[in-house]
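So that you can tell them apart, the chains are marked A, B and C in the order they are listed, and the count of residues begins at 1 in each.
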Amino acid sequence: MKKVIFALLLFFGLSNALFAHDGPVSEGVVVQANGNDAADFKRALILASNMHEVLTKAKFEIVVYGPSVKLLTAFSNEVPLIQKVQSEGIKVIACGRSLKSEHLKDSDLAPNITVVPFGAVHIVNRQKQGWQYIKP
Amino acid sequence: MKKVIFALLLFFGLSNALFAHDGPVSEGVVVQANGNDAADFKRALILASNMHEVLTKAKFEIVVYGPSVKLLTAFSNEVPLIQKVQSEGIKVIACGRSLKSEHLKDSDLAPNITVVPFGAVHIVNRQKQGWQYIKP
Amino acid sequence: MKKVIFALLLFFGLSNALFAHDGPVSEGVVVQANGNDAADFKRALILASNMHEVLTKAKFEIVVYGPSVKLLTAFSNEVPLIQKVQSEGIKVIACGRSLKSEHLKDSDLAPNITVVPFGAVHIVNRQKQGWQYIKP
């Protein structure tokens, strides 16, 4: 009987995981930052920071793609704000494809910025893992 | 044997609820309204109204945040449209933080507008409850 | 005992399906294309094409609604790009309501464009089926 129960536990545990999700589930919010200008970029970072203050248990990632990745360089005026949100535990992520389009290298970026191969694919993958998505 | 079955029911019921969702599941659509101007605001309300006509079983909420909350006051030109969508059963929600930023009080708002502490957090929470999200 | 296990399998299988989803689950990404101009439209199509290159197993649909549906006609400058993404297996979808607003008929459209009654409702329904949503 114990074996049967164990088998059932395993079965439903696995089927649940496979059925509802494609990867491990973690609680998180992915914020899309692909606005037109620095004002849009700032708004996205401040929104993420404020949301994180309330949703303290959730992981937060800001995915920057499009021309806005230029605002992530070491000499950007936005470095203080980037460092502020990073210090709060929010991950700032740059799209590798957008960096290439803007002729930027990973080494041009401000410290502790994560580069993913493709920002929009990262956003979709996070959703598949059960994260919430917001485009401010 | 009955106890075993009961325990299994309880276990899977709970694990399912905990694993896949953070709250009770209800069917609904949350429409983000944080556009640049009154035209964007109107478009969001009309879209929600039209969608609700088709998706009759779903709850609908329009979450207004950013400077657009100014369009929710009792003296706004948009009051007739707000009242129309409200009469259809759509909830119009104002972001409390945005109201504060715009130096507005709850009592400045048109009738029957719900104020939530933080609009973007509300959007994320609805998604966690299984609602669909659209930014028009 | 076998009957009990079978009953449990059935129960949890069904409850899982009913609880977590409203329809059959398929892997897919729905890309919203309701931008302001042809540049926004192109960006959405190119993004979908690039994402599809990486997420080879996922179905992709681009839902065009609002005035942008004018870019889907047989005489549109965007026909070559539309045909390119279609040849990659991406479905290009026009919102029937938007077509009507723009005084366009299905027969005005470029070949192989699918018309749905209501683009935004289609986006919401795909999310309910477990698809990921992105507004570029």
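For this structure, a couple of remarks:
Convention: a contact is a pair of C-beta atoms (placed from the backbone, for glycine too) under 8 Å apart; a residue touches a chain by one contact, two chains touch by 3 or more.
Everything numeric here is computed off the predicted structure, so don't read it as measured data.
With chains as nodes and touching pairs as edges, the resulting graph is complete, every pair of chains being joined. Relative orientation of chain A and chain C, expressed as the C-alpha superposition rotation angle, is 120° to the nearest 5.
Between chain B and chain C, two chains of identical sequence, the interface residue sets overlap only in part, with shared numbers making up under half of the total. Measuring from the averaged C-alpha position of chain B to that of chain C gives a distance of 23 Å.
Across the assembly, chain C contributes 8, 12, 16, 20, 133, 135 as residues in contact with two or more other chains. Chain C contributes residues 4, 8, 11-12, 15-16, 19-20, 22, 32, 34, 97, 117-118, 120-121, 123-124, 127-128, 133, 135 to its touches with chain B in the complex. Residues 1, 5, 8-9, 12-13, 16-17, 20-21, 25, 27, 29, 47, 50-51, 54-55, 58, 130, 132-136 of chain A are the ones touching chain B in the complex.
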